[in-house]
Each structure stands twice: as structure tokens, then as C-alpha cells.
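Below is one structure, written out as C-alpha cells, with a few remarks after it.
Each chain gets a letter, A, B, C and D, in the order it is written, and its residues are counted from 1.
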């Protein structure tokens, strides 16, 4: 199962405003769902670099990606922020997981993101939400904080139980400057 | 564990506006949490009749109630609406569970509730919510529909995960007429 | 402002699973946001028919659509379900508004939707939610009920107020049969 | 209108577990709703000290309180934490508003709260939520974080619109030690 649910993925990608030819970093790609979707939206010229430190997840992400024959998606085993040094600077960044290193990762993203570039950070803990919000707020970038709580109907006998889930937060920020 | 969570119980009881000397029906009392709380608020003259069809739950509710030495609480094994025939007419009714018989139960509650009396119905399925809302709406009583979604912080390592739960709905209605 | 917010639009479109060449009905198109997005995703062969009974909204939707030079989008002034008679049968239907005629609209959608086709209905009232859910449930189609509650951060002085909004519900259903 | 809604007040008071004879501080009492309710629950021996820095609100709170003839409620014009120096140490504290001084207030509460005492802090901004959570977490007290999102049905024509509101957060913490 993808770490980031479909509803959150599509909202995050919509807020990132993908456009042809962009460089996209997907940090903590998990099963690769965001990376695959971004690669499909950005092909043929745009390029997606998906980073994951967990070997098993890298294998799952590569298996998922192989079904789509995406020549513009590279799934890299490695840990952010170190692995980012070797990647071209991005127009768009999605942070789906940060392995306890959100601070150092956002520092690098702040430096490497191209002018006019956008970053979306997901959080399910109060700590991540606060850290992402504070980073966006103090960096003076235009930022948006969004929380999503989803309820799903589940048939129990003849009745429709309303099942809730954990709220998920998104912090989306745009780096000042001309760009796309 | 009580079927109705603490937060929902206290909100429901606040909206029922208990006052000394009232007769209170607690239908589908489960572990007896609402009944015990109501009996404490209504003692010494007010009286609580708690109904439960599940034998094991009746035992649990009686064990819970015994800790409080409440002389004004009767926990009855039986099924609503049939068992209601033998009870004195209520000023207040809480419907925490209806065993698939919400329609017949609300019919009896509509007839037996004293003028100015109030009823609160909890629901976790869309079906119960709709049935309770429709009943209150078509009966022409003043009614309120409230949904509550709770999020709880849960420590996971050093972080605070925000855990969601199922939404719970309350329909509260007041029968027209002078009364309390 | 669009009647259906961006977050709900992208989730609904994702669940509708658009594919090249499809016929798409957007009923109660409002300012045309869903229709424009669908037309962009379906061009060049796919075709979007957007229906709106309010003349002013039709004008707004046409103005919005004109910016995109979409040859595959027709915005029709008229009322569902009557206006649907003249349209080709759809692979996908989005019901963003129904003007109090959800029952008759869903009857026509049930008949006209192609095998394997999908419909998404949005609702902000309990009545619409119930009617859409019941229709999907009794028609025996595979269906999904989703509620979304969004929270937005709003800067008030130096603080970030968490602003809630009305919950929005989606009922998505797939007609049995082979198709796309 | 009370600053803290009924549903939040009753949940906060339930979590504070009031008992006869306690000293209760209500900081940022606003219109006095929490203070009045606490004074009713704690009378006759328990005592409530309600603090408010806004003169108009003090007048409103006093007018509201006068209807209840509560001999155990003092509404004090003044600003926390300074005004707290003159008050007896509390068993229970409710922080409904902090006028930007939550840090200093919690420092005093941490020192003055009696062993086994409980404090509940409400927050509607991410900043207050984080500050209250961090304070409780680092002080090593047993703490609970609760968020409540309420939905209310509102009749619009013959339909029931589901209206959302801002989420409200509660941080409740208990000071270690024997006490009540």
C-alpha cells in the first residue's frame, strides 16, 4: 500500500503545478506512487528522481515503476540530504518522508530549489507539521498549510459505517523568483 | 471500554440539560457509562432506567454501577421498544444503541416523552444518522444535528502522531410543550 | 470562485480515472473548473459536455474556458436531466450540482452511462449524500463514499489560525460491464 | 457568545475531573462560561478565580455570573501571569486565552499547580497547540492532546447543510504527586 494515500497524492501534485520539462525530486518515495504519477505527467522531457533509503521499498518502487515503462524516472537508493548532492537542481520537490532529517533536508531544498520552484511536504505528526510550517514561515516564501481528514463509507451488514482516518497535513511553499 | 466515548457522553448529557427529579431512559446502555453519569447527576430523586438486550453487557453495566452505590439506577435486561412499556414516561432519553430497531424505538419515544422533554440519539452509520435526522425533522420538533471528529495525539518515539477516529453524530430533539 | 474546490475536483477526477477518447458529462458545471480540467485531460479526441442552467454561470464558464482554447469542450445552457437527451452517452459523469433534481438525473445517468463507466456525485447536504449513496447502493454498482474535511492555515498576526470548512462528500460508482 | 463553545467546555471540564473543595483558576475567562460552570460544580466550598484583562469582557462575565448567585466565584480584572501571584494555589487550571503570554503563564502554572493537579489548555492556532504540547511533553507530566472538529446541520430550504467549523485543540496535563 502506498505510504501516501491517493487523495493526498493528487492534491499535492495539483498544488505543485507540474509543467513539461521540469526536474522533480520525490524524497522518501516509499512504494513510488508519487514518483510514477509525476513521471507520467512530466514525460517525455521532464525527469523524476525518487529517493528512498529502505532497500525493500526501493525494490517495491522499482517493480511498480517497471509496469509503466517510464524512461524519465530514476529510483535511487540512498538517504537525503546526502544523496541530493549528485542530483540536478529541481523545479519541484515532494517530501513524503524524511526519516527524522526534515531540518537538514529542507535546508538543502531551500538552497537547491530553482527560483519560482515549489515544494510540498506531507506530515502526520505534530512535530513534522510544526517543523515544515516554521521552515516555510521563516524562509519568507509564499506558503500554504492544508490539513485533510478523510471519512470512508464501509458496508457493515446493510449499513454504511463512516470510518475516519488520521489527518494528513501538507505544507506547500514557493521559492521567490522568476521561474516555472 | 464504553461504547460511547467520554467526549461524546459529556456533550450528549450537556445537550440533554438534566435537572433534578427527572426520569431518564438510557437505551442500549452497553457498559452503563451514560446511565451511571446520569444517575449521579439526577440523584437523589431523579431515576434512570437503563436498557440493554445483551446479557454480558448487562452484567458489565451492573458491575460498573455497583461501584457508585446509586439507589436511583435500574439496569434492565430487555429489548427496546418492548421493554419500554413497563417504564414510567421519561423527561430525557439517550439512545446509544438501537439494535436495528431505531424506527420502532423512536416511535415509542415520540409518544412517551413528556412535553418539553429531550432526546439524544447517537449514530456512527449514515443510515442511523439519516433515520434519526429524518425522524426529528418530520416530527416538527426543535432539533440539532452535531457531528464530532476527534483527533488524539499519540507518542511514537519522540514524535506526536495525530490519530483520527470515526466521526460520531448526535441528533438532539425537544418535544414541544411546557415541561422541564 | 469555483463551486467545487480544487482539492475536491482533483480527487474526484482521479477517482473517475479519465482516459483518452472518453465522453464526459459535467452536470451543474458552475464556473466550469471541472469541465476545463477534464477537457485538458481528454484532448484531443475525448469530448466534454458541461451543463449549467444559470445563465450568468454559463457566461463565466465560457469565459474561463476560452482562455484554454479547448476544441473539445461544449458548455450548454440547459437543465438536467432534459438537456441530456441530446448528448452522446458518456463514459464518465461528474455531478457537481443537481438543482434539486438529483433523483431524475441519476435515473438518466444510470441508463445512459456506458458499461464500465464511472460517475462521481458531490454533496454538501445530508440529503444529497443520502440520496447519492442510496442510489449507488441499490443499483448494485461498485461504489465508494468519501468525505473530505479540509483545514487551512491562515496567518493572524504572527500566528497560524487553523480554519475549518464544510465537509464535502463524494459518491463514486462504476457501472458493471466491460468498458473503459 | 462564549469564546469557548459548549462542546469544548464540557469536554475540558470532564477531563479536568472537578471534585468538591478544589481551587480552580480560569485564565482568559472571556464571557465567564467556563468559570460559571466550574463554580456550580464546585460549590459550596470550592472556589473559582476567573481572570480577564479585557474590561468589557469582565463586565459581561460579571453580568453572566450574577444570574447564578455564586458565592464562590471571583472575576478578576487583570493580566496573567502577574495577577496570579495574589491567588491561592490551584487544584485545577483552565487556560481559555493567554493574550500571547502562554509561555510565562504555563511557567507559573507549572510551579503553582498543587501535586496531582490538572490543567487544560485550549488552542485554535498551530502556535498555541505546539507551545502547549511542548510544555506538557517536556515537563514530563502525563498529558493528553485532543482535537475536536464539529459539524452542525443547518436547514437551508428543505435540506440539511453540513457546516464545519474551526478545529479546537485541548492539551490536558496532570502534575505528578499525590493530590486530588
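The criterion applied here is as follows: a contact is a pair of C-beta atoms (placed from the backbone, for glycine too) under 8 Å apart; a residue touches a chain by one contact, two chains touch by 3 or more.
Given the structure is predicted, the values throughout are model-derived calculations rather than measurements.
With steps allowed only between chains in touch, the distance from chain A over to chain C comes to 1. Ranking all chains by how far their C-alpha centres lie from the centre of chain D, first place goes to C. One finds 44 Å separating the Cα centroids of chain A and chain B.
Mean C-alpha positions place chain B and chain D at a centre distance of 27 Å.
Remark: chain A and chain D have CA centroids separated by 39 Å (rounded to whole angstrom).
Taken residue by residue, chain D touches two or more other chains at 126, 129, 133, 145, 147, 149, 151, 153, 160, 162, 167, whereas all remaining positions touch fewer. Contact residues on chain C toward chain A in their complex (touch as defined above): 6-7, 10-11, 13-15, 133, 137, 144-153, 160, 162, 167. Interface of chain D with chain C (complex): residues 124-129, 149, 151, 153, 156, 158-167. Of all the residues in chain A, the ones that touch chain D in their complex are 126, 129-130, 133, 145, 147, 149, 167.
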